[in-house]
Amino acid sequence: MSRGLFIGRFQPFHKGHYLALKDILSREDEVIIAIGSTQDSYTLENPLTAGERLEMIYHLLKIEGWLGRAYIVQVPDAHEYAVWPGRVIAYSPKFDRVYSGNEVVLMLFERFGYPTVRIPHYKRDLYKGEEIRRRIIAGEPWEHLVPEPILEKLKEFNFVERILRLAKKSGDE
Amino acid sequence: MSRGLFIGRFQPFHKGHYLALKDILSREDEVIIAIGSTQDSYTLENPLTAGERLEMIYHLLKIEGWLGRAYIVQVPDAHEYAVWPGRVIAYSPKFDRVYSGNEVVLMLFERFGYPTVRIPHYKRDLYKGEEIRRRIIAGEPWEHLVPEPILEKLKEFNFVERILRLAKKSGDE
Amino acid sequence: MSRGLFIGRFQPFHKGHYLALKDILSREDEVIIAIGSTQDSYTLENPLTAGERLEMIYHLLKIEGWLGRAYIVQVPDAHEYAVWPGRVIAYSPKFDRVYSGNEVVLMLFERFGYPTVRIPHYKRDLYKGEEIRRRIIAGEPWEHLVPEPILEKLKEFNFVERILRLAKKSGDE
Amino acid sequence: MSRGLFIGRFQPFHKGHYLALKDILSREDEVIIAIGSTQDSYTLENPLTAGERLEMIYHLLKIEGWLGRAYIVQVPDAHEYAVWPGRVIAYSPKFDRVYSGNEVVLMLFERFGYPTVRIPHYKRDLYKGEEIRRRIIAGEPWEHLVPEPILEKLKEFNFVERILRLAKKSGDE
Amino acid sequence: MSRGLFIGRFQPFHKGHYLALKDILSREDEVIIAIGSTQDSYTLENPLTAGERLEMIYHLLKIEGWLGRAYIVQVPDAHEYAVWPGRVIAYSPKFDRVYSGNEVVLMLFERFGYPTVRIPHYKRDLYKGEEIRRRIIAGEPWEHLVPEPILEKLKEFNFVERILRLAKKSGDE
Amino acid sequence: MSRGLFIGRFQPFHKGHYLALKDILSREDEVIIAIGSTQDSYTLENPLTAGERLEMIYHLLKIEGWLGRAYIVQVPDAHEYAVWPGRVIAYSPKFDRVYSGNEVVLMLFERFGYPTVRIPHYKRDLYKGEEIRRRIIAGEPWEHLVPEPILEKLKEFNFVERILRLAKKSGDE
């Protein structure tokens, strides 16, 4: 029985994440989807709460029939890179390999002796949280960049309205 | 669609938790199982990591066929009771009611306007994490106090050995 | 212009605090009332929130006509004694002397060169937060132990009911 | 009896804050002035300590005769937006409405069911902490941008000297 | 080149620590002395600051001629056992083995694959921080329980007076 | 006996630090080298761990024959400037003077009554952590900017490879 760890912030979960997840599921028996920076929400960079991110990923897993092979864990930042892998390990079932597209994540787990796999970026300029948030603010089409079940949940969360309010120039506090 | 929130530390998940969970599932469409004090592990009071607790509950849900109706969330303590419900809310999908046997938990959520349900204690003196840990240290039978799928995972985690080592009188640091 | 700092948790503000405050106001032009452990509330030891504590003290100051000579500051614990006086200093207007009945508080401020005054305990066994909370749980008279304006506010906050709920033996989480 | 909550960092308290405060006092019986980010000081963005900010606002309230209708509370950042309103609530007397010019503050309190009022910006480009700090560094006139009692206190705190030192290009640590 | 890690709180450094240190130096080329719980001081349990602990150990190393083979590191608690070894690793030069008399410390490092050595307790009931502090309060002889260079420093720090003040029953805050 | 405190992040320790250290040792009997921001590592701005920084400075002190006159302390950030000097004081042996090239550091210690000395910058544009990191990324010569014993250790730590990996544009999380 093999398990892969897939780490991201998922703000939101997009088609790049979806392709990576599918790829990991083709290589491993089970996958652990680790939602990072769970303490963040209601910022332009991190608009969704940890609960919303969990709910939308759960919904996708359910529709895809992957619930029985995927764990979702929620990992708050340690604000101290050297101890962060220890926290991910403590919040997750045991795993054999770490999948990430982020060079620092790979380095940090290598320090603790974990095998790592560099995830290729699929259509990197499009499948990207930042690009999705930019398009919403600019009023450009973005819905084709996320899987259908995710889109349903984002509508339920009033994602567009939230992004637009967060983008408003705030006053001097 | 209704959702109930069920909060606990689950050190470990025992038959009292199981009966409560079954009861909640008979009243609500979906349940959110919130694992609290996720920062704690490797103490006598809190021996299991957040990942192990998630894994054993997931295993139970899978065997019972409840994976499609139950979310598992992981909530670190806020060390500040007044803000703690806000954190639970942020880490969970939206919910309608809070289930707990703990008076303080009920009070804290009432302050934020949530309906609460007091969970009755089933065989309170037996179905209790503290009692299970006490029995392991004393070498008394304890395995009948947790559901079968939980027991399998506890064996995998070397739960008994961990409890026994944690119980050793530690030296002067 | 001289200023004294008066530190406490005020759970609740009782007649011992009142006598000390009066005494400080007779020696100094102004007093800073520093509410400590502001992060704590809804525990038996620390039942009131920082906001409730501020409100009840403010109410007393208003009725006594002391609002123009007294500042109320709210200082969260540092969980690191050696830096705690630095935090009190940062949250307060400048002060000349520290008043406290707590030996550790006096030591910590002496390290930073502050003159300290040991507050005598007035009817120490009676005028004491712990004793007030004990009496409420035991159903004994306690209302004569707090100044009248404080009592009004405690009623508004449902203090008795809160203490009684907090005292209920909580279930196994 | 109605109470409004007025939140800001007040670095420093300027005429825009003064006009907003006056406006709130005309609509509510009492106002709670919540000083945010109390943990910050001695940075260009947040030069004043929480104690200095409290002292200058207290001084203004005293001179205006508003001490009997205004509470000042000090709220450290939660570094977790979703729980921050819970902390403001815990540090404040109960309130009925939230006043702010900051869109995110309004959103966060709306999530908890609070009525919110968007404060209009008075001479937005002038009445602004950032602009005041910029003018001090540039040696331009700025004193007319803050109310007279605030100015007195800023002089006492050597505000100008502090800003100028903080603005010095610091060396490589 | 081999390095051993020796962890303790050293409140204060006593002859049991000394014998252990000597033993480690006979087995390893270099030793890292890790002072733990550096955030604590001025409590009965943890009277000395991290700086005082470092200074007294440095003084001993100097007199013994061990300065060239021993590092002293200062590690604040993580308040989360599962990540704590990661922090010790980050604050220390690389090491090959962990020496401790504390079962939990050994378990935590074993999880990360480190070889561990259980330190035997030398005169366990005597060579013990708790016993030293108890004797000081009781007015019993204690000076023979710590190495001479440590004693010199403890006198410089007014250790006895500090313990006695900390032991005074503090008033109700 | 006089002691000076020398504070820095030492990312890495360069010849500017070396010259300052030499200068302090010519004025004081002993020096305390305080490594700041110990919680940071594996970022471009702060690539080295606290343990690596301690090890490289220790190595230099050993080679220079300064081990007997220099303490190395490790101080995590307080994320609250007003309390930070209190933390430095608690983590260090007592000191008489603070040496720094950073205006804010000087201001913060002056508030607590410490004499401060402004360290002159030696070849400021060259002897600078930022410049060293920039040169490594650009493939330009940098090794002459750090003392020889430091360079040995940086090689041991694979400093160049780390900087290059950290500089890689990371993917969208």
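Going in written order, the chains are labelled A, B, C, D, E and F, and every chain counts its residues from 1.
Assume a contact is a pair of C-beta atoms (placed from the backbone, for glycine too) under 8 Å apart; a residue touches a chain by one contact, two chains touch by 3 or more.
Keep in mind the model is a prediction, meaning the values are calculated, not measured.
**Student:** Strictly by the touch rule at the top, which chains does chain B share as contacts with chain F?
**Tutor:** A chain counts here if it touches both chain B and chain F, which gives A, C, D, E.
**Student:** Residue numbers at the chain A-chain D interface: does the shared fraction exceed half, giving same, or fall under half, giving different?
**Tutor:** Homomeric contact, different residues on each side for the most part.
**Student:** Where among B-C, A-D or C-D does the E-F interface show up again, with more than half of the contact pairs the same?
**Tutor:** It is C-D that reproduces the contact pattern of E-F.
**Student:** If you average the CA atoms of chain B and of chain E, how far apart do the two points sit, in angstrom?
**Tutor:** Inter-chain centre distance comes to 36 Å.
**Student:** Can you compute the centre-to-centre distance for chain D and chain E, using the mean CA position of each chain? Integer Å is fine.
**Tutor:** It comes to 46 Å between the two C-alpha centres.
**Student:** Multi-chain contacts only, two chains or more: what residues does chain C have there?
**Tutor:** Within chain C, the residues that touch at least two other chains are 41, 49, 80, 82, 89-90.
**Student:** How is the touch graph of the chains shaped: line, ring, star, complete or other?
**Tutor:** Per interface graph, the chains form some other shape.
**Student:** Can you list the chain C residues touching chain D in their complex?
**Tutor:** Its residues touching chain D are 38, 41, 49-52, 54-55, 58, 62, 67-68, 71-74, 76, 89-94.
**Student:** Of all residues in chain E, which touch chain C in the complex?
**Tutor:** Checking each residue of chain E against chain C gives 39-43, 49, 162, 165-166, 168, 170-173.
**Student:** For chain C, which residues count as touching chain F in their complex?
**Tutor:** 78, 80, 82-87, 89-90, 112-113
**Student:** Quick check on the complex: what are the chain E residues that touch chain B?
**Tutor:** 7-9, 16, 36, 79-82, 100-104, 107-108, 119, 121, 124, 127-130
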